[in-house]
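Each of the next two complexes has subunit A plus one more chain, namely subunit B in the first and subunit C in the second.
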Partner chain A sequence: MAEAAVAAGGRGARAGRPLLPAVAWRNLWRNGRRTWLTAGGIAFTVFLIVFSMSFQRGAYVQMIDNATALLSGHLQIQNRHYVEDKRVEQTVADVSRLVNRLEGQPGVESVAPRVEAFALVSAGERAFGAQVLGVDPERERRTVRFFDRVAEGRMIEGMTDAVVGEVLASNLGIGVGGEIVLLGTGKEGGVAALALDVVGVFRTGIPDLDRAMVAAPLAMVRDAFGLGDEAHTLVVRSAEVTESARLERQLDDWLPAPLIARNWDEVMPDIRQGIEIDRIGGYFVYGLIAIVVIFSVVNSFIMTVFERTREFGMLRAIGMRPGRIVLMVQIEAAFVWVLGAAIGLALALPIVLWLQVYGFYLGDEVASMVESMYVPARLHTRMTPVALGLAPAVMLVGTQIAALIPSLKIRRLQPVTALRAEE
Partner chain B sequence: MVLPLKLLFQLSVRNIFRHKRRNGMLLAAIVVAVGAVVCTSSLIRGFQYDMADAAVANLTGHVKILAPGYLDDPNIGKSFELAETWRPDVADEELAGWAARVRVPAVIMSERGTRGVQFVGIDPAQEHISFIGSVAVEGEHLADASDGRILVGRALAEQLETGAGRRLVIITQGHDGLNRESGFRIAGLYDAEGTGLEKMFVFTGVDTLQKMVGADVYTEISIRLRRDPVLFQLKASLVEFFTGLDVLNWQELEPQAAAMFVFADSAFFIWYFIMMGALVFGLVNTLVTSVMERVRELGMLRALGMRSRGVVAQVVLESSVLMLIGVAIGIATGWLAVLSMGDGIDLTQWAEGIEAFGMRGKLVPVPLADDIVLIGLMSVVLGVVASLYPALRIVRIKPLEALRR
Partner chain C sequence: MNNDAVAVCSGVTRTYQEDSVPVHALRGVDFTFSRGDFVSLTGPSGSGKSTLLNILGGLDRPDSGTVSVDGVALNDLNETQLSDLRLAKMGFVFQSYNLIPVLSAQENVEFIMQLQGVAPAERAERAVATLAALDMADLAHRRPGELSGGQQQRVAIARAIVTDPVLLLADEPSANLDSATTEDLLRLLRRLNEERGVSVLTATHDPMVMKYAHRRVNLRDGAIVEDSAADGV
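And now, the complex of A and B:
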């Protein structure tokens, strides 16, 4: 067998091909079943990890997109003191000028100023506490998708219009056409009162919003709470959510003293943490799968090297340096990896790309389970260089180490004893 | 020639020891796979039980009795009267406890701020079944059902800039439909590990709240059991007793948690089969090699009269023995990993992120004997199935052919 391999290598060399890779390639097919099983393990790992990582990446992107697009925007600009302690007097001053200047900043798509206050919302005899947002509907529409969630009725248009959360509306026993009264504490400590007509009811799937939020025109809320050209939050949309961290730094340098820019991951730490912990959990699982498969690759090479003790002894006897033999085994491992990774990717890519375009439906149960984390019911995978490359890279390193473990023995091989080894 | 089992067993074990390095490596793969499954499955169980426990402890209980329509429109109008002498019709050893409460939406105000909350009247003696019975309290806990003070969550107190001993004003709707306003002194601040519960619930004595709303009624009875199985039987007896009221179990009250509970069950199996899928390539690979290099030896045995069945038995036994050893060490390793986690993995760093999944700050592994036995059994079955392919391959080679190799 060994002679055949060497002869074959010789022919390969004459045909102008490098000798070692040609021999290594032929060696693989001396035990095709083993090669396929080893490559199968690698393919299984690559397929599984590429698929799940694209799946995770897709979910993250959509989570972040949904969460930022719903209400809180890519970035928020607030008074530093308001971040620490949400008091009605800790505002951003001179809002109209600031908004105009902000929109001139590179990377800023649109800005929406908001007044935020807490008030007692009552309808007839019933009263509930809720967050009141004073909004500029025109600007909000360009910045977030919140008003798409108005399930019943319409958006705010007139000065006395208000939209309320679905659960709050039902708790108050009102619907579109109802009247509500807001009572709160104004900037100077006086009573802030506001009577509004409910023109719409929104449903976001986020319990806090549906249960306890009212949106009304910015001017009306400012008036009621004794605020001038002020706001608590300027919501900023950047061209891409992936750009927002860079934009945050840029704006932070640019903004005057008490104002700071906060990226979405500071505004919604739960989303960032949810993603982080899912990512850590994912790597843990992938690591375990890769370890189990790499063990079996080691095993496969232990068997290969063991069976070929005599052959290697002879190669040594006819003058091949041990380094060359080790190199040959490493090349064999590389070929097995190429096969496995290629099969794994060939299986994963069509599925991942298909799902990236068409997505797949999670099912009602799972969808309701993850709704509050902003995960959409129809998930699209997302192919990224990391998702695509990580598993093959890890398996390449793994197979190379796996092959090296038994082949180190070759260096210590005594040609004479090796030739006497049982076949 | 029919070989006795003992001899077959001996042959298998010796064959395993013929190749220590190779089988050692295979064993290592089995140990990692089984150990990882044991360890992670107990984490999955830990998550599952913690979540269900949190859902049940979150004033839900296993079964809850409510006035019809209360869930859609929670107000004191949706309430019911309860006889002083009523007890749930459950044997004492099955019943963890029960509590009758008044729970109404309210607005709470300090001189610094206003918030919307759920105002809950409780009998502290009954609340060992819910989270409020076991939380740490800064200041004092409520003394009894007629305590006129309130217990406020730490996070809410921070928002309202208030503390134990201070006064707050609470507004809620009375039984007659008119709003009532009343001042309360804070007995203490409770610490629910930073969860949203702290901002959601304010507690007082149930008698106090009944006086405030002006009616001797309850809005809910919550019942907690020691184990789930009596649930359905209990629910049936309650439905009969409380005609006209809604009797709901925790899965109906917390559908999100219930869905997650079911999902965790399948996560366990998905994870197991992925891990074993990764293992099976290496397992078959090793078995095929070990059988094929013994073609001559097995051919000789068959030429001497050993039946094909014996050959198959020998290979299957060899694989099973390997698997058994691997499973035993794997379970021990997984168990050690579980022990090394001690009283859980600290996840408070991600507290806000995991709350959406109904989890609390700590992930405590819960190794279940049933799961571990199942993992062991399924793995040995897998070992048998994986060995069938090489075993059947070898008996297809005729003894004469085998001897010539």
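And now, the complex of A and C:
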């Protein structure tokens, strides 16, 4: 049918129409079935890769978003020495002023200062080591989503309120309404002691947090550990998580020594590695699929070139240079690619865009399996220029090379021999 | 008719290795082809007609001896130069598979001019005019598959002469045609030779060609055994 359309258009023989692309295009329809098969392979590859890559990108962004939103934020500002050695005295000083100035920085949405310390948490006879976070609940709420995770009870409000991880609570044998005592070492080396009421129990799905973390009001923790207007970490939320790397560089230039900004991928290297491994695994699979399909394109062009030996011999005889004939075959390959890539994209784009808006539900089982990797239950694809362009670009190069392999024979073609071929 | 030579070969030999047995296709051929000539190359099958035609047309190279066309020594040319020379100076009509199957008759004729870099408008104009001169105007938009054998050969001739070649080489152009069509084709070549001064060299088994050619060159076992004015003159 495509042939008929082109033939009808071509019959007019408009003066000046460049004949090489016309020949190339019409040659495709001498064996339409083969052309459709080849284009179909390209379409399949483009569709699969565009879809999977958009899917991966979407999953990554949401993973990063979930992981950073849970507790650690997009960026963290810390004392350089604290990064190397987490001692209680390696703090960020003059926190109130710094927080205000930070919030005036372009790209910074909100900032939450935290005091972090280690303490022995006890309730009655039982005691466990845990991380103590001194937090400003109001600022935390604007910066991370941690406090949505309070499964029982409520978030910290009063000065003696505390929330504890679900596993820690059950290890301690307490629940909402229980009392805990924290014992640690203060900034000056003295004993830091704090008695708190458990007002909430949180469940994050991240074992380390659920098993060994307590959050309490910033002022109380500072007081107990002998800290002034200090913090160990300023958690920063940027407008977009994808902007955080740029914001990190901006803040690094701006912050006075010894403070440094750390992007989420430094704070949570395992997330970054997980993404890298998945990305590489993806490329490996895509590469294999692309190679298989490109081999089938090679095969199809070997047939095409072989079947037309005599025609090429005639073209050589009348004085067409081998390079022009090779060019003609390359144009044919380009047309097949256009067909395949267009079909592949036409199929992939609506699906990817739809899923970008509406997402799709992984199912309860899968969702609970991937929770600890911060993968959300409802995944949204994400269309990026790379996800959209990589597969078509690779297939363009692939089909050009695939066509070139058999057509190199044309360079050595002797017109007389070719014309004598199997009379 | 002027008598300057458009193609000269002297001492041309060509030996093929067929299963390591040497086949002497040409054994020292001296031959001069003059402008405006209409030569028929005859001889039994395997006598070397196609080989001589191919060597004159720059499609094949002699093992020894020299060939020159329009003053250019072919021995000195590389493949690309030979290819360009064929495009510029030769017109070819083969027994079959002359045309690009996906192009219409007119496009086939235009195609060769496009290779030469002729401007689009002129290309179309010359193709139409040439096809019309060969009574093919009505069929200009048909593809080769929709034309009879004789009509296809007319298109091939149109393509061969539209570039005003110094030499039209036809290797058994009528081999696949019935005798009426063959006669038609020969009359056409004769007309082109007379009216347009196209120099024609055609290899053939067909005795009918003798009626139309000026000169007959008879080959036997790779050597010219007869070179005479033919009945056609």
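Heads up, the rule we're going with is that the second predicted complex is superposed on the first by the 407 of 423 C-alpha atoms of A that agree within 3 Å, B and C clash if a C-alpha of one lies under 4 Å from a C-alpha of the other, contacts with A are read in each partner's own complex, and residues count from 1 in each chain.
As a convention for this text, a contact is a pair of C-beta atoms (placed from the backbone, for glycine too) under 8 Å apart; a residue touches a chain by one contact, two chains touch by 3 or more.
Nothing here was measured: the structure is a model prediction, and the numbers come from that model.
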Side-by-side fit of subunit B and subunit C on subunit A, or clash: fit
Contacts of A:F295 with subunit B and subunit C, given as first, second, both or neither: first
Once the shared chain is lined up, is A:M320 touching subunit B (first), subunit C (second), both, or neither of them? second
Is A:P18 in contact with subunit B, with subunit C, with both, or with neither (first, second, both, neither)? second
Between subunit B (first) and subunit C (second), which does A:L419 come into contact with in this model arrangement: first, second, both, or neither? second
Could you let me know whether more residues of subunit A are touched by subunit B or by subunit C? B
Should A:L37 be classified as contacting the first partner (subunit B), the second (subunit C), both, or neither? first
Pick one for A:R26: touches subunit B only (first), subunit C only (second), both, or neither. second
Once the two structures sit on chain A together, report how near the CA atoms of subunit B get to those of subunit C, whole Å. 15
Residue numbers of subunit A touching subunit C in their complex, please. 10-13, 15-20, 22-23, 26-27, 29-30, 310-311, 314-322, 324, 415-416, 419
Touching residues (chain side subunit C, partner subunit A) in the complex: 54, 57, 59-60, 80, 83-88, 90, 92, 94, 97-98, 100-104, 106-107, 110-112, 114-115, 120-121, 123-125, 140-141, 159
For the subunit B and subunit A complex, residues of the former touching the latter: 19, 21-22, 25-26, 28-29, 32-33, 36, 40, 72-75, 105, 107-108, 113-117, 159, 171, 173, 177-179, 255-256, 259-260, 262-263, 271, 274-275, 277-279, 281-286, 288-289, 293, 347, 349-357
Residues of subunit A touching subunit B in their complex? 33-34, 37-38, 40-41, 44-45, 48, 86, 118-120, 125-130, 170-171, 173, 184-185, 212, 269-277, 285, 288-289, 291-293, 295-300, 302-303, 306-307, 365-366, 368-369, 372-373, 406
